[in-house]
Structure formats: C-alpha cells, structure tokens
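The structure that follows is given in the form of structure tokens.
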Amino acid sequence: MKEALFTVHNLWMMIATILVFIMHLGFATLESGLTQSKNTVNILFKNVLIIAIGLLTYTFIGFNLMYPGEAFSGMFFGFNGLGVALPTGGDTAQYGAGHYTYWTDFIFQAMFAATCITIVSGAVAERIKLEAFLLFAVFFVAIIYPMVGMWKWGGGFLETLGTDKGLFTGLLATVEKGKNVGTPFYDFAGSSIVHSVGGWAALAGVLLLGARKGKYTDGKINTIPGHNMPLAAMGVFLLWFGWFGFNGGSVLSAEAGNVSRVFVTTSLAAAAGALGAFFTSFFILKTHDLTMSLNGILGGLVGITAGADVMSVSDAVLIGLIAGILVVLAVLFFDRKRLDDPVGAIAVHLVCGVWGTMAVAILGAKAGWGQFVSQLIGISAIGLFSFGSAYVVFYIVKKTVGIRVSETEELEGLDLHEHGMSAYPNFTMTTAASVASPEQHQVVTNATQTTNQTKDIALIKT
Amino acid sequence: MKEALFTVHNLWMMIATILVFIMHLGFATLESGLTQSKNTVNILFKNVLIIAIGLLTYTFIGFNLMYPGEAFSGMFFGFNGLGVALPTGGDTAQYGAGHYTYWTDFIFQAMFAATCITIVSGAVAERIKLEAFLLFAVFFVAIIYPMVGMWKWGGGFLETLGTDKGLFTGLLATVEKGKNVGTPFYDFAGSSIVHSVGGWAALAGVLLLGARKGKYTDGKINTIPGHNMPLAAMGVFLLWFGWFGFNGGSVLSAEAGNVSRVFVTTSLAAAAGALGAFFTSFFILKTHDLTMSLNGILGGLVGITAGADVMSVSDAVLIGLIAGILVVLAVLFFDRKRLDDPVGAIAVHLVCGVWGTMAVAILGAKAGWGQFVSQLIGISAIGLFSFGSAYVVFYIVKKTVGIRVSETEELEGLDLHEHGMSAYPNFTMTTAASVASPEQHQVVTNATQTTNQTKDIALIKT
Amino acid sequence: MKEALFTVHNLWMMIATILVFIMHLGFATLESGLTQSKNTVNILFKNVLIIAIGLLTYTFIGFNLMYPGEAFSGMFFGFNGLGVALPTGGDTAQYGAGHYTYWTDFIFQAMFAATCITIVSGAVAERIKLEAFLLFAVFFVAIIYPMVGMWKWGGGFLETLGTDKGLFTGLLATVEKGKNVGTPFYDFAGSSIVHSVGGWAALAGVLLLGARKGKYTDGKINTIPGHNMPLAAMGVFLLWFGWFGFNGGSVLSAEAGNVSRVFVTTSLAAAAGALGAFFTSFFILKTHDLTMSLNGILGGLVGITAGADVMSVSDAVLIGLIAGILVVLAVLFFDRKRLDDPVGAIAVHLVCGVWGTMAVAILGAKAGWGQFVSQLIGISAIGLFSFGSAYVVFYIVKKTVGIRVSETEELEGLDLHEHGMSAYPNFTMTTAASVASPEQHQVVTNATQTTNQTKDIALIKT
C-alpha cells in the first residue's frame, strides 16, 4: 500500500520533471521566433548551453545552496557542501515526506533552476556577447537563483516571517492551534521566486546593454519583427504544456485534489490571459496582434503560478485576464522607456510575476492584510537582491570581457560573427534590411523591390 | 490501498489531459503548414484563441450542458447551471466511479471540447473572416458540441437506445442478466461525437464560404500547396502523440489492460493508415505524396477512435488501412465536387469518423446487426444536427458580420489585412504567385524567373 | 494493493512508450534540419513511413523473433510464430514480473524497434532511393534488429555468457550465492543493442552509397550546411525528452529509486555531452558550432544508455563529457575518411554507443575485467552481425532495384523527383547553389548576387 502510493507520487514528480524540461524547447523556439533570422543560431546555441550549464552548475553547487538541509537554521544563507551524492540507505530511500526519492527531488529542482536563466536570455537577445551571457548564466544559476529560492523553499527568512524564529514577529504573527506559525510569504510555484527573479535579472541586463541599433531612432519606436511566427507560437504552446509540470509538480506529490485543481486554475488563467491581451491590444493597437496574445497566455501562466493551489475558478480567470491586460500595457510602457526587450520577457515574467504574487493577498484562500504585507516584503527583498546582484555581475562582466557585440556584428548578425553559420542557408533572406547601415539598406531595398513588387510584401515591410 | 489506486487513475487522466492539450499545437502546425505563408499568422492566431475560447466557454456553459448530472432524465437536452464550482466535500472528493476528481473530469472534457472546433479551423482557412470564425467558435463549443456529447456521454438518447427508457425499444432491445440494456450507440472516444461533429461543421462552413480564389479555374483543379512541410509533419506527429491521451484517456481510468490495449490499436491503426494512403496515392497519383500519407495517419487515428477498446490487432490494422484509402479517395472526391478544404479536414474527420463509427458494428467485440442499426441512428442524428445547426450559425454570421474576406484581402493574405504583420518578415517570399491577380502575377513571375532559373524550382512551381 | 502497484508500473511503461514515440518526431526534425531544403519532403516522408513500417513489421514478425518466450532455449535464434495476439486470461493478465500487460510490453518494444531504423535514415540522406531505403527498413526492423535484441533481451547467448548454459563458461564464470550467474554482456537500454546496431547499418549504407556530389572535391572537404537550425535544435530537445522514456522505461517498472536515478544520470550525461562538444569544437574549429553541441547532447545520451542504472553522478558526467568530445573527433575523422554522413549519425550512435557500452566495464557498479571481456564480446558480435547483414541487404538492394538516385535527381533534389513537390513552395530558395552543376551554379549565383549583395549574406554562403 505505502509502496504503491509512494511510487505514484514519485512517478508524477518525475513526469513533472520531463514537462519542465521541455519548457526549454519552448523558450528556445519562442525566443528565436520573436527575433531576427540573423541571430537565430545564437539564440538556439544559448538555449542549448543554458540547460547544460544549468543542470551541471546546480548539481555542483546550487542544490546544496538552495536546500541547506535539516541541520540548517539560518535565514539568508546556508550551504550543504559540493556535489550531489547518493543518500545512504539505498536508491529507494524515501524523501520529501515520503513522496519522492532524493534523485527525483534533485532533478525536478535542477530543471526549475535552468528555466530561470532562460528568461534572461530572451530579453538580452540580438546584442549580447555569447561569452558574457554564458558567464552570467553560470553565476546566476549557481548562486543568485538558489539563494533566493532558499529564502522560501529552503526554509529561509521568507518562510519563517512572523514566527518566533523569524523576522517581523510582532507584525506578522499568526497563531494556529496555539502555535505561532507566522504569515509566511506565499509563492506556490514561483511567480516571484522563479519568474520575477529572471525578470529582474533581465531588466538589469537590458539597462546595461542598451537597445538594439535601429530600435529607437529620432524619437520613434521602430518595430523589429520576429522572423518566424510558427516558431513563436510553438514556443508558447510548449511552455503551457510544460507549465502543467511546473505548477502541477509544485504540489510535490500526485495528490489528486490539489494537482487537478492546479491544472484547472493554470489552464483557465492562461486562456483568460490570451483574451485579456487580445482585447487590450485590439482596443489600443487596433489590430489582432499575435505576439501580444501569445504573451498574454504566458502572462496568465506566470500570474497564476504564485497561487495556483489556492484560487477558485473565477479567481483564476480574473488573475489571468488582468495579467493579459498588464502584459500589453507593460510591453508598451517599457518601449516608451526605451527598454528594449525583444521578446517581452520583462513584461511577462517580472510584471506578471509581481502581479501574481500580490494576487495571493487579494484573491483566494490566503487573501488578507497580513498576507499583503508578507507579499510586499517578499517581492521587495527578492527584487532588491535579484536586480542588485544581477546588475553587479553584469557590470563586472561588462567591465572585463565586455557585454555587447560590435556594431558590425550586430548589423550583420551574431550567427555570422559568433558562430560562422546561418540558420537558413538555403533561403533567400532580407535580414539586413531592418537595421542595415545606409548603403547596405539601399542595396537590399533595391534587390527586394526587384524581386517582390507585389503590394502585400511591400506593405509588410513598412 | 484505495487511495493509491484512486491517485494513479486520476494521474493518468491528468496526463491524458496534457496530451489532448498538446493536440492544439499539432492542429496549429498542421494547418499552418498545409496553407500558404501569407495566411500563417491568421491560422496561428485562430488556434491560439480557439483553446482560450474553448476552455472558457466550456467552463461557463458547455460542461453543464454536456453533463447535466445525476438528476437529469431527459433525452436531447439538459443543463446544470452556469459555471464550474468546487464540489462540497473538499478537493479530494472522489468522482467518476472513484477514478478521478471533479477537477480532472472537467479539465479533461474541456480540452476535448476545444479540439472539436479546431477541426473546423483548417477547412475554412485562407478565406474566412477572423470575427466570423471566432463568433462561430463561441456558439459551437458552448452549445453545438456539448449537446451532441450529452446525447451519448451525458446519458442522452443515444446512450439509452433500445432500453425501456429510451427510443426504439422494440428494435434495439437487448437483454443482459434479465435487464434490458438496449443496444446503445457506441462511440468509445469520439469518431462521431468529436471528429464527425467537427467535420460536419467544416462541411457547412466550406459550403457557405466557397472555394479559395484560384483553386478551381476554367474547369481545372489547381493545387495550392502548403507552405511548410516540416510544420505539417510535426503537426501529425504531435496529433498522434496527443491521441494516446485522447483515446487512452477515454478509458476514464488507468486500468492497465484497457489502456494498453487502446495504445496498441490506436498506434497500429495510425501506422496502417499511413500505408493505406501511401499505396493508394501511389496507384492513383503515381507519386509519393507526403500530405496524403500524413492525412492517412490522421484518418487511421480518427477511424480507430470509435472502437479502440473493442478491436483486436488485426481489426485495428484493417480499420486503419481502409481509413488511409478512404482519406485519399475522399480528398480527390471533394476536390472534384469543388469543395475546397485546404487541409483535408473533412476527408479526415468526417469521412473517417463515419467509417470508424460503422466499423464498430462490423469488426470487434460489438459487431452485429443491432449495433449496425444503432450506429446508423447515431451517425444520422449527429450528422443532421451538427451540419444543420452549424449551417444555421454560419448562415446567420454570413448575413450579419459577413463570413468571407474581400478579394484583395484574400489575394494579399489575411496576415497583412487582419493582423498587419507577416509570419516570416526576414524571408523573401513568392507568396502572391499562386493566386495573384493578373498584373500582380506578371510581376512576381518575372521577378521569380530572374531570381531562380534553375530547373528544379521552376518545375516545382508548375 | 497489488492492483495499485501493478497499475502504476504499467502506467509508467505506457508513458515511456509515448515518450519513445515522440523521438520519431525528434529524428524527423533533426534530420531534415541538418540537410538541404531540396530534400526535406523526402526526409519527412521516410520518417513518417519508418514509424508505420516499423510498428507493423514488428507486430507481424519482429516481436516474436526478439522475445521467443519462456519455452525458448536457443542462443542465436528463436521464433514464436507470426503476429501478436491477445493472451488468454483477459486484458489485465499480468506479464513481465507483474509490472505491465502484454500489450504494454509489445507497444513499448515496438516503438524501440522503430527508432533503430531511424538512425540509418539520417546517414544515408540526400542520395538514397526511396524504394531502396524502404526495402532495407522492412528487412532491418523485421529481422536484423530483433535478432540482435534477442541475444540479450530475449535470453540469447549474450545474456547467458559465462553461465553453465552459455558460452565462455570458464572465462566469464561468476558465482553468486552458490550459483553460476556468469558475467552477462551488460547493456541497460541499448547503447549497443539499439544505437550501435543502427550506427553499423548506417555505416554499411554510407559505404555502399558513396558521398553526396560536391561534398569532397579536389581533395577538399566542403560543408553542405543543414537548411534549418531551429528544426535541428527542436529535434535534439525532443530526443532528450523522449530519452527519459527510452532509458527510464528500460527499468521496466516505475520503481522509484531506479527510474529517478536513471533520470539523473541521463540528464547529466546529456548536459556534459553538450559541454564536451562545445569545448572540443571551440578548441579545434575555433567556433561556437551549434550542430556540434547538438550532437554532443545526443552523444552523451547514447553514451549513458548502456549503464544509466549503474552509474553515479560523477560517472554520468564523465561518460557524457567523453562522449561529447568523441562526437566532434569522430565527425571530423569520418569526414577525413570521405564517409559522408550528413547528420553525424555514425559518430553519435555508433561511436558513442560503443563508448557507452565499454564504459560499463570501466565506471560504475559493474566495472571489472570480466565485464570488460563480456562487453568486448558483445560489441564485436553485434558489430559483425549488424554491419555484415546490413551490408548484405544493402548490397542486394543495390544490385536489384538500385540504391542511389541519378545525378540530376541529386542536384535538383529528391523532393522534386521522388515526390513532385517542394517543402517550402512560398519561399525563394537558393537550394541549388551548393551542389549545382556548373551552368546551373552560374545562374543561381548571378540571381542571388542580384538579390542579396549585402555583406552578411555573401559571407554566410562561403
């Protein structure tokens, strides 16, 4: 009996791991689809290495930093030694309240960690040096992400808020059954701990990098359209697919009621996010903007992540709808602020991550003023630390190896200069047109005019 | 003990839900791959919104229309109130013969519902107005699909055929253990209830829309080739992948014998479908036609769906083989009848859906004359209602907001006119060539000839 | 209790089946991405038919050849009759140590068998006749693959090595608890039995086919770049995704400790493979080569497959790292030997398959000299038989229906000549450029120069 239940709980956690893994393909196709074809190999290369670096770095150091273990009683930092080892007691040693093995726990958390750095990848795309990004990725997934994670999931200060052992005992004390359990910061699957952390780091990167050439010229905001919409759409479907594991796996067991409820809230928030972005972009931009609807789905998913287990059907729809609206407004806002984020990662992961975290204090089973304060504390602490440390690391990288490719490299594409290859060598491209130097632009335009004088193609280019 | 078994049954139903979800990506890539690049954003946009609209509409009204609940004793219509609510008794309340939670039931059924409208999307592609399609989708998934589903899966008249409470008591009475159980219409996972319903609606849409410009000219049938074969192939593999959940989940538990048997019959029918279409298209068309083989797989999958749990290995192979042959013949037949279905959805979902439903009366454990009559009744009732109601809704939409885009829009592409963007802005396209107006055609042809005078490219165009 | 455990074990085996299935999509996109756009339909067509042929052939003959059943006591060959039938005793008959049903066993093994032939497909791409390949595929999956599989997994001579009933009793006798258990050849999930078998057959095909036109000219090795890097990257992510089922399912139950351990070793080897190839290609080729990193992942996966259940974390990382290095070296080596393998399949599946099989004797719980001899025996026997029989079959095909397309067909593309269609009819292609005949080359080059005189595009072409 116990064996069967343990096996099924563990099975779900393993399947959730696979689902989170495939999110990396989702990020890879989303990001390459929403950027220019001359940088496609570069994006794919980054995403391939991210999962490799993420898994190995987390194995070596991150896991033990994030989960310092039973003996740990610190608040901000703990460490359990280098590397991951087979626990004594054999392979089948029960672990995590008897719901999964040590190996399952590790690999699920490792896949989570690797997703966080992927968020940054999209925002800094098309102009960051490959070496700079890879260096940042190592630091980020080895130290920054696990430290924030530890604050909550490893038993750190956000988990003990208001308890006798924790901070703000007076302010956030909550007594249940005669025991002060505090009012811990609540973030079910990581709206803040994963998504906003990635979003803050993305913001730091974008600030230090500056916008892509040609994005903001003469006070105008120019659209640099993504080169492959099927890839982008595929990315969003795969991310939604993976999110069933991301949120569903965060139940940490296959317990039927909780996991199935999380499936419902997650799906409905995603659906509502699509509609929120659909209507908002139609009212503001007067068009049926595909990328906005795609980002609306992602916004809804990020938004529901913090409270997917405590929301009702209508709460989930509301959270998703607002997230979908916020995504569109945030994309436009960041553009107006000259913060060039090619894929909208900051709008999706940072803005909707914060929204989702706050929503826990407003809607659902955890709503309340105490929770509101807790959420504010958590969001602020995570924001300050993530943004600050990411900024410092990016800054050091900038001052040492350099962070941005040369202007020539950017114009001609990172694929050519960093990788010596093209993503589509058999296709005739018009890549250079959008951000070409004047004389190049001339040539391309002429050639293109010769080739396609039909009205549709000409119109699309404008 | 009971908890473990409940948890594993529920786990499988949740995983089946995820698998059915990813079919939406399969439909999106299949449909965009088989149509022209100038309409790709439009197809993707529809598919993104379909899943959003499908889930929310089904939440609000469809689910309660399809499953009127225990108290229900009608035959054609029942309704259980608006919205989906958490059942009293807590999250873990057992439901569905103790095999899954209320939430799991809802989300699995909701994903099913959303697939049905996707079927329509491909057939009406490249010329339907976005608003028209979205309006139709709302009605379809809110009312038409759930009503048909209720007839069988919600305990309606197709489920009670021949029983004392049902229709045709004399004709279809079948007594088991002294009780008249009737000879209910049999459709295991929806060859009729899902696929033919979608197919009938697609037929209605195609009839009211008319063919794409340039498809049938001067008595000739012109091929308008799909723009991206890897996308199309990806779609079929993903649909097959998802079908393990579609059919396997329809067991409504993880019961080992039934689910694994369904896996075998489903896979072999798909494989046989590919070969059936391969040989048929080779004999008739004298070529190795990729899209035919792809549609052969889908035909095999649709065909086995009605009886996947009652067929032997050889039955499954036979059903798939015939479905694969039928798909090719049906595609050619509809083309001769000037019914322009860009992706072959009517051949796949309607023709093979009907074939699969009839096959239940001919092959496998349910075969027999009583079943034959039952299947005929079911197919007819479903066909009349689905086609009729879809026709009426499409007709109303046509007379109010209009159903078809303007000729200019169609020639220049829906992406440009409905969405103001291109799916592939960095690529040089020859989109307009196939259906351009005379003067445009001239320009494109000239330009293209200048660009690619090699024999292969020129030949491909013809 | 027993029912729940049986159901969860069976559930995992079914899910593993689905995961192995989707590897076929991975192979399809990887192979089409790494080859030229003029042969894309052909590659997709082969991969669609492979899964169909693989499943049906394995049903009819392969399964009973690979698993001759209880009564069997041979060493090299056994056969259990044609076709697959429902076992008496009902659907739920327990099978395979009570871990899964007969149906599950069959369909899991059938998906495995079909992957093996896919390996060959990539290596012989862009020049093999479709009929020749399909004929080979039928023989290979019906007879060659199952016979090798039987040697180990069906209880043949590699499973009985050193026992009283087996070969080399003196040399490889190992006594446990008073019983001579021998030192059987060890290959957990098929580094040799699946991957090297495919790799050897690929080598035979490449030897008999010769290189693609234009690959080796005037003593130079010319790069013929793959036409679509997102497709290639997608392929690798999907293969990794599927490998969780390939290796994880090879535990043959959902036993928590073993499956989760396999997940960890598999993932870390893949990650280390990426880094191994990354560094090796950077040091040797002085570039960040995406295809090398992708093949490094695959090399790591193939390498860990033989011992995924007996390796520690550091063993897994080491195996993957070395596999990643080997892949790069092997690709360069085969190119120097004029063995033209467009996708690097021989380097990945043969070289890393052999490495992974030997690694079992060097690292992990099975390491030792006796095992070393066993592994050598297994590798040699499998190599001789696979290569020899594949060579003979390919040779017969060559002498009868012919194996290679005509020069014109190769230059103009298999899509045009074998399928009469283009994979990308709306795109302007420069397909012919790389391997065109002189006069064609001239035309294309002129046209292309007119169209794109920008520096980046010109550079990419060189």
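When the chains are written out, they are named A, B and C in that same order, and each has its own residue count from 1.
Everything below uses one rule, namely that contacts are C-beta pairs under 8 Å (C-beta built on N, C-alpha and C of every residue); 3 or more make two chains touch, one makes a residue touch a chain.
None of the values given here were measured: they were computed from a predicted structure.
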item	value
Numbering shared by both copies at the chain B-chain A contact, with half separating same from different	different
Rotational angle, Cα trace of chain A fitted to chain C, multiple of 5°	120
Between chain A and chain B, centroid-to-centroid distance (C-alpha), Å	33
Where chain B touches two or more other chains, by residue	1, 4-5, 8, 11, 15, 38, 228, 424, 427-431, 448, 450-451
Contact footprint of chain B on chain C as seen in their complex	1, 3-8, 10-11, 14-15, 17-18, 21-22, 24-25, 28-29, 32-33, 38, 40-41, 44-45, 47-49, 51-56, 59, 83-86, 90-93, 100-104, 106-107, 110, 130, 228, 231, 411-413, 415-416, 418-432, 436, 440, 443-444, 447-448, 450-451
Residue ranges of chain A touching chain B (in the complex, touch as defined)	1, 4-5, 8-9, 11-12, 15, 19, 36-38, 225-230, 233-234, 236-238, 240-241, 244, 248, 254-261, 263-264, 267-268, 270-272, 274-275, 278, 287-290, 293-294, 297, 312-314, 317, 424, 427-431, 434, 448, 450-457, 459-461
